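Written out below as structure tokens is the structure these notes cover.
Note that the chains take the letters A, B, C and D in the order they are written out, and that residue 1 is the start of every chain.
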Amino acid sequence: MISATFREIISQYEVVFFDSYGVLRDHDGLVPGVDKTIDYLQENDIDFYVLTNDASRGPKELANKFQSLGLESITRSKIISSGMLARQYLKYKVKEGTVTYIGTESSAHYIETAGLKTLPIKDLSLKQIDHIKAMVLLDDEGYDWYHDINKAINLLRMRNMPVIVANTDLTYPVSRGKIALAVGALSEMIENIVRKTFIRFGKPDAQMFHFAYEHVLKTRMVDKDKILMIGDTLKTDIIGGNKFGIDTLLVLTGNTPPDKARLFIEASGIIPDYICESAAI
Amino acid sequence: MISATFREIISQYEVVFFDSYGVLRDHDGLVPGVDKTIDYLQENDIDFYVLTNDASRGPKELANKFQSLGLESITRSKIISSGMLARQYLKYKVKEGTVTYIGTESSAHYIETAGLKTLPIKDLSLKQIDHIKAMVLLDDEGYDWYHDINKAINLLRMRNMPVIVANTDLTYPVSRGKIALAVGALSEMIENIVRKTFIRFGKPDAQMFHFAYEHVLKTRMVDKDKILMIGDTLKTDIIGGNKFGIDTLLVLTGNTPPDKARLFIEASGIIPDYICESAAI
Amino acid sequence: MISATFREIISQYEVVFFDSYGVLRDHDGLVPGVDKTIDYLQENDIDFYVLTNDASRGPKELANKFQSLGLESITRSKIISSGMLARQYLKYKVKEGTVTYIGTESSAHYIETAGLKTLPIKDLSLKQIDHIKAMVLLDDEGYDWYHDINKAINLLRMRNMPVIVANTDLTYPVSRGKIALAVGALSEMIENIVRKTFIRFGKPDAQMFHFAYEHVLKTRMVDKDKILMIGDTLKTDIIGGNKFGIDTLLVLTGNTPPDKARLFIEASGIIPDYICESAAI
Amino acid sequence: MISATFREIISQYEVVFFDSYGVLRDHDGLVPGVDKTIDYLQENDIDFYVLTNDASRGPKELANKFQSLGLESITRSKIISSGMLARQYLKYKVKEGTVTYIGTESSAHYIETAGLKTLPIKDLSLKQIDHIKAMVLLDDEGYDWYHDINKAINLLRMRNMPVIVANTDLTYPVSRGKIALAVGALSEMIENIVRKTFIRFGKPDAQMFHFAYEHVLKTRMVDKDKILMIGDTLKTDIIGGNKFGIDTLLVLTGNTPPDKARLFIEASGIIPDYICESAAI
């Protein structure tokens, strides 16, 4: 790990990937100072993207959230979400037919833009399942867990189909110190029951970083060693960035508190290239 | 595996342990012929018990179910349930105070007979948790999964306490071909999130068999080699009985269908001493 | 957790179970002061046993080790080892024939006293396997890992048989700060490859405690609440004792160092009834 | 799944990815007819690559194997191995210093071409470890398992460093019906002991497919929907190709025998786009 100021570090890169929650924003709103970081990046022609494990809505709606907090320059094209990878899979591998889903209507709405019909599992009849081509697990909200998780299990016992998990996170923060189960945790439980192999999208998986890199290459030719991943979570942002082959910077404003950073790094064996207190410049 | 008729086999033992669902009863009622098996056991002074992973109610209520199906001789004293072990743990290790629970009121009612107060987690205030001495996971019904599972996770992050899982089963049958998640599956998900070690009761764990054996010894001195475990599930009844050191008999009226028995035994490496079509004599 | 001196605590019990390594002895010999603890127990007619996950030799040889360190009163009848449970399983469930094993000759010698022939897997011909009734994993030493582990895997793919793991520990200490893989770790790897269910003996499994309790009852009638388990490891000694329903005391002379005790308890959710610096009186 | 002849299928693609063992070759040499398939691909200007989980030697040596079997056109540039990804990681993320390894000298030789020094763990002194920048697990051969795996565990307890697993396979075939543990299985055991997060390369991980795709793009612009992955293993080749978003074809000449194909697909939930008896044209 190298010691340098946050400004010195980011000035060496051409592209910065930010995790969202715990890096740019938290339960109180923007992380203090990150607005100036975004300004600095734009002034110095350093490109940036937000890489987020989120399938609860489309990239436009995810961008709106940042804009409402005052980060006007985080537009739809700056968002790389695990939901986008799930949508891509459905578009190119499933192609047509009906996809049944677990999640909110707004999460399904984005999937529909891939040209597939969607059906909430609660509206599915287990007597008419031949038209169901895939199942997608989108969100932990928008349905009755008891009824819909049990229904999903029985559907998968009756019919073999790809199951796509659009967010691998096990939990997400809901307020200071409180968390909630994310759809990634529910999907692991379901997978253990039906003993089938689901297809997962999201950090730390390399595919998320490749997807982002391909997105970057559409507007700017850049080598991987000129990209920096900034995250608050060793087990997603940092290990994922390391494995993909880009430099990584850990901030201490989220899942890794300042007094635990050394312990967490030692215990996990996941070593960031840099550590900074926050993503404020 | 030895070939013999069911009658020949059971006549060699002094005590028989039956699994409940898939052996004595199923979604249609009694498994045909088991009433005569029970008669035969009584006529020949062979004792018998039902060993069941169930914490949804007390042994009296579990016995009532059999009696309502016509098996009058399955009384409260014939029932050995995982809920009884959980209750015993709470009585002797937790001793006093309030236990918060996930499950139905009737499942908690049985715990209260151990002398502890119970509080459904939905009625718990996360601001007043000092009086909570333990958490017990009793049943998959009787509560809102979304709210109460998330509340349980946050409680366990706030306060260190023993967590008792009163039924280790991952699923249970609800009708022909349909299953539902049991509290054992929910507890594994919660344990993975909070990364604490829960205390589990139920087959295949040896403690269930020891508890039953101690129960037997109160009324009859018998060596282990005179006890036979009859079950439909390799991964609970058969491996548990084998490890405890008693003989095991697999019936094909439940989780192990006749055309899959050989495959399941080969794939799992779990080898019963006997296989019979059913527990009918 | 209750605050009291070690002497005050043990004086309330009729039987004490000790873990071996990290409690009574370590890489330097006896833990200082435990000889006086043993004297105190004898003077006060408190019975004691050593519960150890060890299948590397029989109870007589395990007792010899303590006697050579000066604890003359730890005789063969005071030893409860996981190897004894494995031997019991083979004697009563496998009964006759040849058992192939992984381990040292001395570990197999003890198994042979159950009346079974033993054959080291290295001397087995994979062309003549019909007489092999079971496999037992005894020790991490005494064989070539590369050849014999691969041979074990191929044998289990060719023939279905019970596999008994006589020590569930993943590692054991070899000197200050250094550890070695125990046969429990090798067995998990093999089980993952062949995807069969092995039969495991050793703490924290309840069967170890029941076996010890039955052993106690042969010479003294005692209730469980008059037995104390003393151990240095939360994940074996303490959780196992808790679940079995006896009181537990954590000492800080082994796997749980004084400066980590609070952290380990909080992180694991495993709560001993007492904590003492050591088992010295 | 679509029914068509192998020739009809491959004629629709611009690039074909082959798994190696079980598809192109097996323990007897070439899979019959694949030489004509390679000829057909070349005549029709369909490009092809071999994607193999192998870090036992460099791509040149892997290509030599095919050439010695008569597939002259499988040259070094046609090989995409998990060892190449591991080497890339070491080159760009570790950059300099000494890497300690488990494997053969020839496997380490290839890593050295990345500009790093390598040291077999058997030659490492645990008293001088400050210069060790990473550990790489390359192969199951070339070292004493007992000594070197235990040494690796103690090294990782003494010093925090990235650990790279250069082949994720759990086993590999050694002759008809016989398998051997691969380094992927050893690495899972070590990871479970030290509880650190290792960095793994190899199918089914998406990074292997991305690496191959980038390799393809250097010589030919092609969309993903014009690439076909041909493999014999659902859990690596097929799920990996599916998730990456390319079409997949299962052949029945290796890990998935003809009489088990339907069962394996149903049990795993991994559905190839096509099934053919072999990769022979």
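Note that a residue touches a chain if its C-beta (ideal position, glycine included) is under 8 Å from a C-beta of that chain, and two chains touch if they have at least 3 such contacts.
What you see is a predicted model; the values in this text were computed from it and never measured.
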{"item": "Maximum centroid distance from chain C, chain identifier (CA atoms)", "value": "A"}
{"item": "Whole-Å gap between the CA centroids of chain A and chain D", "value": "28"}
{"item": "Length of the line joining the C-alpha centres of chain C and chain D, rounded to whole Å", "value": "40"}
{"item": "Residues of chain B engaged with two or more neighbouring chains", "value": "none"}
{"item": "Chain-level touch network, classified as line, ring, star, complete or other", "value": "ring"}
{"item": "Which chain pairs touch, all of them", "value": "A-B, A-D, B-C, C-D"}
{"item": "Complex contact set, residues of chain B against chain C", "value": "88-89, 92-93, 156, 160-163, 194-199, 205-207, 210, 224-225, 235, 239, 242-245, 265-271"}
{"item": "Residues of chain C defined as touching chain D within the complex", "value": "140-141, 144-146, 149-150, 153-154, 157-158, 170-171, 177-181, 185-186, 188-189, 192-193"}
